[in-house]
Every structure is written in structure tokens, then in C-alpha cells.
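The first chain written gets the first letter, and so on, giving A, B, C and D; residue counts start at 1 in each chain.
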Amino acid sequence: MEHTPLLSMHNITKTFPGVLANDDVSFDVRNGEVHTLLGENGAGKSTLMKILFGLYKPDSGEIRLRGEVASITSPTSAIEQRVGMVHQHFMLVPTLTVAENVALGLTSSRGFRTDLDVVSDRITEISEQYGLSVDPEIDVWKLSVGERQRVEIIKALYRDAELLVLDEPTAVLTPQEVADLFVILRQMTDAGTGIIFISHKLHEVLELSDRITVLRNGRVTGHTTPAETSRQQLADMMVGREVKLAPDKPHVDLGLARLRLRNLSVKGDRGTMAVVDADLDVHAGEIVGIAGVSGNGQRELAETVAGLRPAEAGSSVSIDDVDLTTATPARTRAAGLSYVPEERMKDGAVGEFQVSENLLLINHAEARFRRGPLFDFAKIRDHCQELVDQFSVKTPSLATPTSSLSGGNIQKLIMARELESKPSVILAAQPTRGVDIGAAEYIHSQLVEQRNEGVAILMISEDLDEILGLADRIAVMFEGRIVKVVDRENATKEELGLAMAGAEVDA
Amino acid sequence: GSDTVEEVTEEAAEVVDEAMAETELTFALVAPSASDDVAFTQSMVDSLGRLGIEPQITDGTFVVEEAAAAIRGYAEDGVNVIVVHGTQYGGSLAEIAPDFPETSFIWGTATDTQGLDNVFAYYPEADQGGYVNGLIAGNLADGATIGVVGPVEAGDAVAYIEGFALGAAAAGSDTSIVYTGSFSDVALATTTAQAHVDNGVAALTGTSQSAVGAASIASANDLPWFGTQSNTEPWASDLTVASQVYHWDVVLADMIEMIEGGTLGGEAMQITLENGGLVMEFNDGFELDADLKAAADEAIAGIIAGDIATK
Amino acid sequence: MKRLLGASVPLGAALLAFMFGAIMILFLGEDPIAGLRAIIDGAFGTGDRLAATAVRATPLLLVGAGITIAFRASVINIGGEGQIIAGALLSTAVALWIPGTPKVLLIPLVILAGLVGGGIWGAIPGALKAYASVNEILSTIMLNIVAIQLMNYLLRGPMIDPIEVGTSRIPQTQRLTDNAALPTLIDGSRLHLGVPIAILAAVLVYIMLFRTPLGFRLRAVGHNPDAARAAGISVEKNIVSALGMSGALSGLAGVVLVFGSESLRLVTDGGSAGFTGSAGFNGIVAALFGGLHPLWTIPSSFLFGSLLTGATELQRALQIPNALAIALNGLIVLFVVSSDRVRAWLDRRLDKSMRPGDAA
Amino acid sequence: MSEFFTISVLAATLGTAIRFAVPYLLAALGETIGQRSGVLNLGVDGTMLLGGFGAYYAVLKTDSHSLGILVGLGVGLLMGVVYAYVTVFLDAKQGISGIGIYLFGLGFSDLLFQELVGTPLPIRPLPTLDKLPVVGGLFEPLVEIEVIGPLLFDHNLLTYLAFLLVPAVTWLLMKTTFGMNVRAVGENPQAADSLGVSVAKTRFIAILMGSTLAGVAGATLSMQLAIFQHNLTNGIGFIAVALVYFGAWRPRWVMAGALLYGLVTATRIRWQSLGIIPQGASDVAAMAPAIITILALVLLASRVRGPAALTKPFSRH
């Protein structure tokens, strides 16, 4: 029987200056289904969703809701028509409480004054119904990423959304959090909600979706269902060529320990111990993966190794026997460290800088880029062009502002810059978070190549698949401690998952 | 000098009338604050007015470079006499004056002409009127402290205030002196005056254009007020007891006479109580005891006679 | 075509502001045409006036060039007035201390002293910000006050002209010896060495900011301190050096104001504006007006310099208070910054109409 | 020194500090609202000058203080409309357009003053409580009370209003829908926008409130000083902006900053008038408040981050 779809988007086209972001895109969503949009970075997924939510105006095309032509000119009108959206980058005000974030834009029952107690009660109700436990009184900046995600969903539920868009909701979640999220989403579809889901993680897509639409370069390249397809097929559809999902890793003889952590203890932002007595060696020619649920000290550990955060007394960090316990970032880099930070736009690149400038961020002072005291722009251009070509950074030009590159390309840019300096140790935090499958493949292959050449690599990731695919040894962090170190051959996903949840400690 | 005050003033007035009988000179004035500031600049505008002169005016030019441009502009326009009313313009004047040997520049307050023969200089012995004001204030205060609001501890401000303190001391009163550090910060001058009032002073005085705020506090608290530079009655109409007024016209008249005689400068002149350039103007609206008035007149005569030291 | 239109928009805005000014002149009962003529005549009328305009623009340019450094590094420097004074005080002290030194030696020495004086006065709020988290807006304003009173103190006491002590007690230094005067470029003109020095300084700032590693680091810190830090760039050092350099250039403006002045001495009227002509402040306007680009700050300073000299003539010729000129400056700033939006809109229109396949 | 540490002198000094702090406080509270919405207004001083002149002129002509306040309010509102239009709707850079407002206010207030008034004539000062018509008699005995009197009751109504505004602004920001929107828009305008909160409207109103308070601050200043003159504020508006940073965007701490600045200034004046600071050191005394403020900042400097979107124009693209 023929149901009217909840949403249908017809022939949507949207251009930005010089970019055709959506090219004649059509697709629909039914009540009670999860419809996934899949595509590389920059394929046009977010743009399409922003059009649906009234943030962008399409150049042409039509949106129908429940069969009727809908005019969605602003987020307010989208919300009024029961469309909810969880944006790729959280749309939360960190200095406001959960209740305040939820109440934003709603009319208060008390007129001029806020009615946060009423809002809090309703939030509690919704939380209980869907198992989304969050304290409504707490400031959002105190919440973990997973909890923030829940707030975003509560915002949509509070507004009684019948169609919910989730743009890369899992990019920053731990496996457990993803599992929890999926339970909630299923509850919602059971209640009749239609969901649009965007993710770069193929196993999630296969697990959750009812239907899948694949975009490439702004165009729809195919519709499919999980039953009809496989990870490999999806990857190929997205990228338009064959994709290698796990890199080949030849055997490499272990060298000396290059990065050594001894009794490393570090305080977190709130003054409590974030890393406790961590001991770890990373040898030349190996990739050590640090697995763990985020918030268990990985970030602090990385920042301390990079020289950004002081270690407690009694700790010791060294690279190739150079003591770096109290070093600045400049000194750790001089000692041979390359650092790929977790938050690429915050710590990794200067958004306003040109691509070439970001490629030079670390070694700009080197004599080879100068003639006398001044930059030699010809040499710099050659150097940067070489890096861009070698690492296939997709950018209109070397002078393009970095912020207008896609996340995947920014990540490639950072990798190019960090690997260029011929490091002895690479510290890579979440190197492929939010990065599409093609780019991730490339980044992985680069890391493996470095390992093969005798670089010691410490990789932090919440993505167990990534760790299992790449690491030679795996360390699990839980509550600031390294609770388990195993060789890749002896590791199983289940065992690691248990360790990440603290099972080892309890035992 | 055993003349009475009245005689001196009358003499001065005659000199003025003679000089100004029929001058064909053209005049310009460049001054740092507003023409009607009831203080430094107004004293010159009024003095020129008493001579029947209506100069072209560039006022409010506290920026020296701007003043220099205006001075040069007037000289280029062929103005005969340019009154350069601000010590701080002296340096610029030293550059400009030699370029215009036909023009006469009258500059103050300054004690020398920088060796330029087309520059006259003028300076007030402000301590003299300060002493008189201080003496009256001291008598009115009857032993209580008198509040003084000063701007920057320099120039005629410091002369006036030190003379005032001596006069008050002669009448047996202490002075409490606060320099705000600014000629223009009215808010601070006002706050300072208020602090004096809170300390229980019996009278107030102050100098510079910022003193207007102090005068308003005197008004609001019914305290006698003493002015200087111009007649400050507009600031505190019922409470201004007396003002030492700069009658530059006395020396201006002499200068103009010399200019008409072909001498364009080279001399520095002072205004004093004796030559009638400093005039104590008493406010009719304030009922001053006859005894006190007499004591004041006596002091004026004593200063003129050189019997009383005001420094 | 597009660039032409882009440039014409701010000019149009300035014209609009001038029309407002004309209306005000009309209300004051004067002839606006004569007013405009007086401004133009006062700023550019004769060689001398052109020179005066250039001289007036010089401190604006120096301060403005410094401001571009600070703002590019994301530090707000409202301390120009104090830094000018600090530079003037130290350089004057040096000149008073070694009066007999030959010009070729003395001029570079006082310039150096000015740079150092202003540099220190800038580096203090820089260090306070970098190492003690003290907001620089507040500390630079407060340091202006300190500098003014320091000047009052020094000119009233240790540095006062000995002649003044017993007499009129005017707070000023001795007139400096003539070998301390900045040489003039054209005989009989007021155009002095300070003008090319300032232009050179602006060019050097441009080169420093965009062609040297130092400038690269300053800009990186300004745009994204987190990324800069992670890349091994010291955020603290760069904040201090940005404010230090900014202050040094203001200090140089102080040197130009003393050693390029006709008075050739430092006088205080108790505040800063009498000496600086508010260059520490107007320099910010010039820099922002020049889009925080050191080279654009050159014409921008000249524009504001000409408005200032023109206003003096306006007042002299028509007896219109120069307060009008200040108000007019404000209006020009407002109109021109608002015109950015108009320009962007025009750009978009042009883009659309010029792209061929767009009609479909 | 001992004459300073008598209760009555201390109380009087504190009283002076309070009076002195009022214009700073009013202007800084207004600026706090604006900055919380993400807009830095550097034009406060200019708005104060125009508001101050307007109020002064109104009182000079009509002798009515209420009219003076109204005029100050109106002028502030008007300047706010201009500033808000330019920064919110025309996306002009906040720093520079604020300076435009400042220069305009500085020049135009002076122009009007010179053309309309000329000689600075004093106006009737704002009455303290005991001098109020009708109810004044009730307060007279209160003012007479030792210590407490001059400290708490010897002020004009606007002083009390200014201090009452501290909890009022806190309430506005923390307990009302509008205040919540202001905080959201100043922190993450994209988020607020995505929920249908109008960033432009919220900022517009916040700017108007701030600018209106700046106008009232100017009016309070000229009516409290009972006079007007060229550049009467002498930079009070800029210090007010700085006090917002000092107070870490919290009305209470902004008030503490204004009081601290007032107290240091009042103490310096009092010490000079009592001869504790010797003659000849007047300039050293005059720089003391600035130095002490800096030192206080060094000790108190919080690492509190300002509104994340401060000075950033908002647009969807």
C-alpha cells in the first residue's frame, strides 16, 4: 500500500560561490524509518539538511512534508512544522544550563520571566521515557560529549519533532554511547518518528538504517538498503573507486623505545587527577593504540606529552632519552615529536590562515624558507604544493583560507605538515574522527608507512575498529590509569570493551 | 607707589583710552580653552574687549600643533597683532615669529620674549590677588580651614595658591590644598571640593577651568567662594566673595602703543595690583563686612607699597 | 570594474558624512561651500599646509602602524597616549643629558630612546596580560594616566627648565639644542625627517607582519592561540612582543612630536592631548580605517591628518568651533564602516550578473 | 595618618567613593548587558557626553531634574539605535564603529555646548535625600546620624537607583527569557539562531539598554557636578568599559570594581587634603589610583572567559 512519505525533497539544487553543493537531489523519509545519507566530506549532506531546517535557501527544488508543499524559511518555521535537527557541530550554549538550552526560543509560561522549573520537570519526564538521563540544572560545559548529544536529542523531543535529523551524531561518541543512542533512536522510530541519519561509519549505517541514499559531489549516486549491500560496496559507491578498508601492515622489527612515559600523573582542568601513574614505552616501528572511553585521561596524557600541560612531580616523559617532563611544545617538537591534536580546528590549524601558512605553522622559521630575514615565497610555494600533491589535500589553491576546507582535508593538511618534519615520534589523537572513508584510508596508510620507516607512533582513538586495524599493541585507559596493555594478536574486541568499561579494575 | 587702588585703576583706564583712540591694527587671538571659560581665555577676550578690540579668535586649541597652524595662518593673512595666549605655544612661536618680522606677537603667560624682537610677553603676579583672597577667606573662616582645589602644581595656578595660603595664614587660618593633576577634569575638581566640604572647610577657592566644579560645590553648600583669572560670579553668583581678575588691557595698551610707534616687541610686562592689571573685583551680591573690606583694601595697598610679601 | 566599485563605496560614505557636516555648518549660520573650501584649503592649500598635514599625519601613522601589530596579534592597545609620552620623556631626557652630541649621533640615539621608552610602556601591559591574565584594555588605559602624571612630575621637578624654577614655574623642559631637531627635508618647509621615517616604519611593519617568521607567529597567535601553542609558538612571548612593538612605534611618535616640533621641548598642560593631539587615540582610528593593514594605514593617516589641519582652518576662517571637525570624524568613521555591507552586497550583485550560466 | 583613621573621616571618604562611583557604575552596567549579548560598545564615553550635555541643558532651561534624566535617557536611546543599526544590521566592525560614536559624541556635545550655552553656568545640583521636596524632612534626621548618615543617606536618588540596578541587571540576565537569550546570543549565536531566537533583535535591544544607561550615566554626571564642559567625562566611559572586564561580566563584580576605583580616588583626595600626602607629590598621588587598580587586577585577575561571541558579528553563512 502507498503511504504518503513524511518528508520528500524534490530536485533540490544549491550553489555556493564556486561550489555546486547540491545538484538536483531528491529523496524521501517515511514515518518510523531511519534513512541514512552517506557521502564523502563535502558531498553535500549537511547542506541538504540545513536547507531542510531553514538555515539555507535552496536555489531550486521543493520540500514536501506529510504530502503538503512546505515553506521552511527559518529554524523557527522548521520547528513549528515538527522538524528537529541535531547538528554536526553541537548547537549548545555551554555557559547555560541544560534546561536553559532546552528552553531557548520557547515561550515561557510566565511571560517575561523564565519558567525553568517547568522545563526541568518536562525534561525529566522525557529523560525517563527514553532513558536519556541528564540533570537539567547542570551547566552544559560540564557535560561529556555523550551527554551533550543527549541534550541535543532532548531539545528535539521537547519540541515534539516528528522528523529528526542527526548530522554525524556518532562521530564523537564512544561505542557504548553509540549503542545507547541507537536504542533511543529505535524507540523513537517505534513511536513513528522519521529519522535522517548521517555518518561516516559504515558498520553503524548498516546496523541502524532502514534505507540508505548515497551522495557524491552533490548528486545522488544511488539508493540501497542494508540487506542489499555491504561495507565494501557502500565504500565504493561513496568514493567512486575501490576502497581498502584496512591497511596492509608488513612485519617490522621493533626498535628501541623512543617515547617513554614513567609514573606519569597529570591534573585535569578541574584540578582532579586525570592521569595516574601511567607507564608506557613506544618503540621504533610500532603503533601503540590507546583505547578508552573519552574522558578517561587520554586528552590530558596527549597534552602532557606534547608539552601543553604540566605533569605532576615524580613523572617523567622522554623522547630518545631527552627528558621532556617540563618541556614546552617547542622543545618537544625539537626533540622529534609530531603532534596531531584531537580538535583539529581548535588546536591543529589556524582557520583564518591560508593553506600554505598552516602547512608552515611548525617549521616556518627554518632557514630553507627564507632569503635573509624574509620569507622566500617561491620556495614556500614549491614546498607547499609538493605537500598538497603528495598528501592529496583537496583545495582550490594554496591561498585558500583553511577554514573553508572540509574536515577531512584539513586533517590531511595537518598530517602532511606533521609528517614532513621527519619525526621520531608521532602522537596522533583521533586522527580520522569525522573524516570520510577515502580520506581515512589515506591517513591510515600514511601512519603505517611511517611505522614501517621506524617512527614510534602513539595513536589515541575511541574507534575500536581503527585501533584494531592499525595498532601493533593496544593500551586501554580507564579513569586515568593504563589498565591493560596487549599485543594486537592477542586482543579481542570484547575483552577491550570490558577493560574500557573498567572490568579489569573491578576484577 | 602710594596711590590708592581707585587712582591706579583710573590711571590705567586713561592710558587705555588714549592708546585705543583710533587704532587701525588688526588683531587675532589663539587660545587653549573656550572664549567664555570664565577663566584664563575669557580674561584675555574681556581685556581685548575693554580696549574695543574684537579679534578673530581660534579658541579651544589645546593641541599645540593646531595652535601653531592657526598662528601661522593669521600671520599669512596679514593680521598685524596676534595674541598667542598660552605658555605652551611659545616653542611654536619661536619658529613662526622670525618668519613674519612685520607681525607683532603678544605671548603669555611668559616672563621673557625668547629674545625675539617682534614678541611681547606678559605674566600675572597671581600671588598678589591670591594673598588678598586668602586674607579675606581667612577672616571669614575665623580660624577654620579653607579648601583649595588646584589643577597642576605649576604656573600661575601654583603662584595664586601659594599667595592664597600666605594670606589665609596671615588671618590665622589653615589651608587644605589638593592638586587634582589636571586643568580640565571637572569631575575630579568637584569631587575634591566635596571632600573638602566633608572635612568641614569654611570657604573654597580654586583655579583653572576645572574649578567651575568646585565653585558649584561652594554654591550647593553655602560656602564663600573666591575666584581668580576672570570674575567667577557666573559660577557662584551669590557666594563669590571676590575675584582676582586679569586685566591684561593694562599691558596690552602699552604694547599697542609701542607697536603703533614701530616697536613690535622685545619686552616682557607683568600685571600687578600696582599697575592695575590685577584687579580685585568684589561681588555686590555678597555682603562682606565693612571691616573685612577695609582690611582687604589695606592689604592691597600694603602689597602695592611692598610692605606685604606675597611669595 | 569590481575593484573600482569597491573603492568608490567608502568614498561615497565619506561624502555622505561631509554632507551631514555641511548641514551642520548651515545650521551654524555659515556657508557650507566656504566651509568645505576652508577644510581643503587648510589641508592642501599651500605647500606649507600640505607639509603641515603630512607632519600632523606622522604620529597617527606611527601609532597606527603599531596598532596593526597589536590588533593582528589580537591584543587591544588603547595605551597609545601613554606610550607616546613614555617615548617622548625618555628621548627628551637623553637629549637633555647629552646636549653636545653631533646630530648624526644624537638623532639615532633619541629615536632609539623613544622606541625603548614606548616599548617598555607597551610591554608592561603585554606582560601583565600574558603572565597575570590582566585585561589589556584596562591596564593600557590606566597606564595612560600613570604616564601623564609621570610627565607632570618630571616636567615640574627633575626635568624642568631651570629658568622656570624661580619664576613662572611653567612645567616644561629647556628648549633642546638645535642639533636635536629632526632635519627638514625641504629648506624653509616644516616637512621633517619624521614623515619618511613614519612611512618607512609602516612599510617595515608590513614586511615584518607578512614576510618574516616573527610576523607569522604574531598573526598565528592572534588568530588561534591554541593552535599556535600546540605548534610550538609561545603565546606569551608573542603577546608581550606585539604590545612592546606597538608601544615602541608610539614611542617613536613621541620622539617625532618633540624633536619635530617647533618648540623643540616637552611642555605639559596637565593632560596628554595637548602634547599628543590625541594621536594615541586617532592612530587607532587610522589603523582600523586602513583595515588594520600597515600600508593602507598610510593614506588613512594622511586623510585624518588632513581633516585635523583642515579643521583648524575651518575654525580660523569661519569661526566654526573645531568640535565640528571631531564630530565629523566620528560620522565619517560610522558611515565608512557601515559601507562594508553595501560593498559586500554590490560584490554579490556583480558576481551574479557576471556569471554567464546563472540565468537558467 | 591618624586623622584619616577616624570613623567619621573613613565614612565620609566612603561616601565620596560612592558618589564618585555612580556614573562609572551606571555606564558599566549598561555595557555589561551589551557585552553579554556579544557586542562591545567603545562609544560609551561619547554617549555619556551627549547625554550629559542634554541633561545639563534641560536643567539649565527648565530647572527640572526629572526632565534632565529623561533627556539623558532619550539621547542614550537614540545613540543606541544608531550604534545597533550600524553594528547589528550593517555588520560594521564593533571596535571602530564604537570609536565613531565616541568621536561624534565628543565633538557634537562640545559643539552644542559652545553654540547653545558658552559660559559654563552651574545648574541646580541633584538634591540629596534630605533636600528632596516634600519628603526631604523625613530624611533630615537620618543624614545627621554619625557615620551612617553621610555614608548611607547623604546621596541623591540616582545613586540609590544605580545600586538598585545591580541586582536588577543580574535578575534581568539570569531570570528572564530576554536575559537568557542575551547570554545565549553572546555565547553561541548559531545555537540560539537554530532554536529561533533572533540574534539581531536580542542584540539590538541589549545595545539599546546599554546605551540608554550610558546616557543616564552622563546625565547623572552632569547633574551631580551641576555643570557641563568640553569633554566633561574625561574618559569615564572607557574606564567603564574596562570595569566590565574587571568585573568578569558579572554586575556584582562590576559594582565592586567601580567602588574600588571610587574608593582609591576618594582616599587619595582625602589624604592630600589632610596633608598625609605632602605638597609637591600631587602627581604621584594622581597616578596612585591607576597603579592600585592595576595591582588589584594582578591579584584578582580571574581567568574567567568573556562571552565567546564578543565582538563577532553574526550571520548564517
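Note that in this section contacts are C-beta pairs under 8 Å (C-beta built on N, C-alpha and C of every residue); 3 or more make two chains touch, one makes a residue touch a chain.
Predicted model, so just to flag it, every value in this text is computed and none were measured.
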Any idea whether B-C or A-D has more C-beta pairs in contact? B-C
What whole-Å value do you get for the distance between subunit B and subunit D if each is reduced to the mean of its CA atoms? 35
Whole-Å gap between the CA centroids of subunit A and subunit D: 46
Chain centres from averaged Cα atoms put subunit A and subunit B apart, in whole Å, by 76
What positions in subunit A touch 2 or more of the other chains? none
Could you list which residues of subunit D touch at least two other chains? 110, 114, 230, 280, 283, 286-287
At which residue positions does subunit B touch at least two other chains? 60, 152-153, 181-182, 184
When you draw the chains as points and link the ones that touch, which shape shows up: line, ring, star, complete, or other? other
Between which chains does touch occur? A-C, A-D, B-C, B-D, C-D
Which subunit D residues qualify as touching subunit B in the complex? 9, 12-13, 15-16, 19-20, 23, 110, 114, 118-122, 125, 150, 221, 224-227, 229-234, 236, 265-266, 269-270, 272-275, 279-280, 282-283, 285-287
Footprint of subunit D on subunit A - complex, ascending: 53, 55-56, 74-76, 79, 85, 87, 90-96, 100-101, 103-108, 112-114, 155
For a test of understanding, state which residues of subunit C touch subunit A in their complex under the given definition. 207, 211-213, 216-217, 219-220, 223-224, 226-234, 351
Contacts from subunit C onto subunit D in the complex sit at residues 24, 28, 76, 78, 128, 132-135, 137-139, 141-143, 145-146, 148-150, 152-153, 156-157, 284-285, 288-289, 321, 323-334, 337-338, 340-342
Residues of subunit C that touch subunit B when the two form their complex: 42, 48-49, 52, 55-56, 148-149, 152, 156, 163, 167-172, 175, 261-265, 267-271, 273-275, 277-278, 308-309, 311-313, 315-316, 319, 321-323
